[in-house]
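Mind looking over this structure? Questions follow.
In order of appearance the chains are A, B, C and D, and numbering begins at 1 in each one.
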Amino acid sequence: MSRKIRYGMVGGGRGAFIGAVHRIAAAMDQQIELVCGAFSSSPRKSKASGRDLFLPAKRCYRTFEEMIEKEATLPADERMDFVAIVTPNHMHYPPAKMALENGFHVLSDKPATFNLKEAKSLGKIVKKTRLLYGLTHNYTGYPLVKEARDMIAAGKLGKIRKVVAEYPQGWLATHLEATGQKQADWRTDPKRSGAAGSIGDIGTHAENLAEYVTGLQIKELAADITTFVKGRKLDDDGNVLLRFKGGAKGVLHCSQISVGEENNINLRV
Amino acid sequence: MSRKIRYGMVGGGRGAFIGAVHRIAAAMDQQIELVCGAFSSSPRKSKASGRDLFLPAKRCYRTFEEMIEKEATLPADERMDFVAIVTPNHMHYPPAKMALENGFHVLSDKPATFNLKEAKSLGKIVKKTRLLYGLTHNYTGYPLVKEARDMIAAGKLGKIRKVVAEYPQGWLATHLEATGQKQADWRTDPKRSGAAGSIGDIGTHAENLAEYVTGLQIKELAADITTFVKGRKLDDDGNVLLRFKGGAKGVLHCSQISVGEENNINLRV
Amino acid sequence: MSRKIRYGMVGGGRGAFIGAVHRIAAAMDQQIELVCGAFSSSPRKSKASGRDLFLPAKRCYRTFEEMIEKEATLPADERMDFVAIVTPNHMHYPPAKMALENGFHVLSDKPATFNLKEAKSLGKIVKKTRLLYGLTHNYTGYPLVKEARDMIAAGKLGKIRKVVAEYPQGWLATHLEATGQKQADWRTDPKRSGAAGSIGDIGTHAENLAEYVTGLQIKELAADITTFVKGRKLDDDGNVLLRFKGGAKGVLHCSQISVGEENNINLRV
Amino acid sequence: MSRKIRYGMVGGGRGAFIGAVHRIAAAMDQQIELVCGAFSSSPRKSKASGRDLFLPAKRCYRTFEEMIEKEATLPADERMDFVAIVTPNHMHYPPAKMALENGFHVLSDKPATFNLKEAKSLGKIVKKTRLLYGLTHNYTGYPLVKEARDMIAAGKLGKIRKVVAEYPQGWLATHLEATGQKQADWRTDPKRSGAAGSIGDIGTHAENLAEYVTGLQIKELAADITTFVKGRKLDDDGNVLLRFKGGAKGVLHCSQISVGEENNINLRV
């Protein structure tokens, strides 16, 4: 490849959190460049957000539908190569589906979709279009994590017997969503976040790390999920016993109500 | 009290581990002095162990029965005040019972007895004799632990919602008992250790710390207990989901097969 | 400003170390873009390095002289705004001088020049051209460092009495330059590095941090500079007693022969 | 030896700091027992302090002179074997001299004496009496420190080139002695502490550790000693450049005015 790869972003406008993180990560390697976007469900905010990023006005689209349609008509040496999706959970599937069906690769923030039905549908589309579909679990990107995975794969720690995965956060220890804070608002709303609260938002990261680093797959689990904060609709704490294929055992716990926030994974042979 | 308190020790002779720790702990405050002992199930080793400690020969007894009998006949300003029991688990109850019945207070290493039947019997004896009976859980002795308990009791951390208690050890990651190592030998033997392996030996410390520090009581639990090392008769790993009275949830896990040994208790509000 | 700022780089080609770090730092904010460069003293390597970065061939120049000349002829909405200099020390002054004299701002890696004479000359040019000249000391860019500076400036730590600044490195503990390693080679060569070895390379960072964070200025010092590795021409270790204006005292020590590399600054009131 | 070693203590009564530490350290090994003492310059406080320690009244002496005289007349299987001296610095020499001259070994807290003249005199007495004289530098007692010394002696770290020894304390950051605090009072008083403040009190520990662990001897030094707190007569901060025999270089700094107290020794090859 003798040029940078070009991408368009869906979500990540003014006031968003994870979109800017994705843009920084993409910029660091200097192999990828942002060329267009539909940064917000508000067309006006989308346009303004694009200006903040020094994009030409004509490539700051009002909606993701418009972006995908217009980009598909541009010459091959100009149009985006892939779409990066960084919207709240309920808006992952629609742009992914449309992008794939119009010939664009997709890199989506996790979870892939809002529910199981959408996930199955998406799987079929990816297969049919033969395009690339990537799901980002950011922690697996750290060199340290990759090194750990390689050490275990090479057998340097022997057979893995016990896995302890933790992801405690404390930012939702109070009823933050009642104050209108944007991140708390959608992450605790079943209509936008999905069926799971802390388990879906961060427990998945702990699970992903545990499986990614050890190369093991969870076979059985017993979970005790709790909503501690009154008035909240989704869980804000979870404790899980794990059994892996091959006999390893483990514990996974995550929390949004633990004062002090960290991400630790501990593996013991 | 204008004199040091005098004690006799059962167990803790040459080759033992925890007895010497108890003697150091007792010595540090300089309020208690060791005056006699039956340090081993081998009369000869008991005598020799007493000499190591500079005790007069006549107060190094061959058996705990002899010690309790003889000490009971000494004048009040000379005989021991209490018996410290630091033997393997199956030998906790017999000397405790006999000491109490002969008028001596008892300070026993945990567990109090080998099984539930003995425990109930011991409870009756303590009540009847009105003597002091203490059970040592060493971790509760640390100033830091007491400070944590006081802070929670004073409400400084608010209402406790989540408790994570961990006690990973790695010393039994291999079949150490097959080498004849004394500590591994009795701790993995159901006849001397009791029905529980890692859960009884160290899980109890994690449980004790969790309840001691938070002031909460465990109401329900779900445990996944495993024996990883082939040929071992007792569990060497345990993962437990906890529910406390009052609504707090938690996780407790302990292990004797985790390379790297630590004791951590984490409490989150 | 409704567009990204454009820069050209001098140095930082294949095999270089600090140039790539500067490009990553510049990319993270996504406010600045690299548009051209003279990446190496070898015209061929310069061209190849530019291709690695997806620059158009015509803006990968053979020499910094060519870059400055050609860029000056480009239309204002296309040519670079400033020159970033990331060459070995003896090549800081020549491109800085030429860039300024041709109307370009300059951002140079430290030290500003190879010796005092060049530094005075450069000072005059900057004054005369009224262009911006920046010298990068990377550690001052960390948010934590800025926070520390602000806390002290706000008087939160009271009057500063003692400053301990340390910068131990271990990479030159052996005669690495004899192996031809590029970084070791020029950093230990008085013709390219200047009069100072470890003191100039890293002691300056410790000094910069100490003065930057405390807001104090060094008034007097007593230094004990050593070359430990046989055959090396510049110092690889330095210990310095510091006296600051206003009465604070301190210690600064740096080393390239200390196994284990870290950068610590400790301030005590 | 088939019995515990017996000692008498000079100093360390109610309100003292280091005496109790010495008693705990002595008790931990259970090889040494305290049998008598002259715990205070106040005869009344000395008696009361002895009672606190459960010593028989007749062996709680009013003065160290009385203790040494009386103990010398007791039968050999009863009298103390050695004298432990834990008084302020100006009272180290007198009891040490008298004890040695009356046939008792001596274990003294550092410094050995108040000034050079006393030190020379003491040296002669020790030589003449052929009794044991020990000077306690507590940090050398830690297993970790001994391990470090052994590693270096065995050449595992190669030739030592650089030594950094630090002992920052913060307890005298304010004019604490003006409040009558007993420890601050004598440690900042040239009549009782001697010619050196922080350098004598804690700098000596850093120096002792540096020489003890490396096995090197300081050959030359340049020191910058400061008294930061107004009205204080002795130094409360010191920064020192070190040159060791054999070519190693180093830095030692100690302080009583650094908020946060620690003891760190760092060695780099």
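By our rule, a residue touches a chain if its C-beta (ideal position, glycine included) is under 8 Å from a C-beta of that chain, and two chains touch if they have at least 3 such contacts.
Note that the structure is predicted; figures quoted are calculated from it, not measured.
Q: Hop across touching chains from subunit B and tell me the fewest hops that reach subunit C.
A: Step count on the best path from subunit B to subunit C: 2.
Q: By mean C-alpha coordinates, which chain is most distant from subunit D?
A: Following the centroid criterion, the farthest chain would be A.
Q: Quick one: report the Å distance separating subunit B from subunit D, using the average Cα coordinate of each chain.
A: About 38 Å separates the centre of subunit B from that of subunit D.
Q: Return the distance between the CA-based centres of subunit A and subunit D, expressed in whole Å.
A: Roughly 61 Å, centre to centre.
Q: How many angstrom lie between the centres of subunit C and subunit D, each centre taken as the mean Cα position?
A: Between these chains, centre-to-centre, one finds 48 Å.
Q: For subunit A, which residues are shared contacts with two or more other chains?
A: As it turns out, subunit A has no residue touching two or more other chains.
Q: What topology does the chain touch graph have (line, ring, star, complete, other)?
A: Graph shape here is a ring: one loop, exactly two partners per chain.
Q: With touch defined as at the start, can you tell me which subunit A residues reach subunit C in the complex?
A: Those in contact with subunit C are residues 2-4, 23-24, 27-28, 30-31, 34, 51, 53-54.
Q: In the complex formed with subunit B, which residues of subunit A make contact?
A: Residues in contact with subunit B: 161-162, 164, 166, 168, 170, 173, 222, 224, 226, 228, 237, 239, 241-243, 249-251, 253, 255, 257-260, 268-269.
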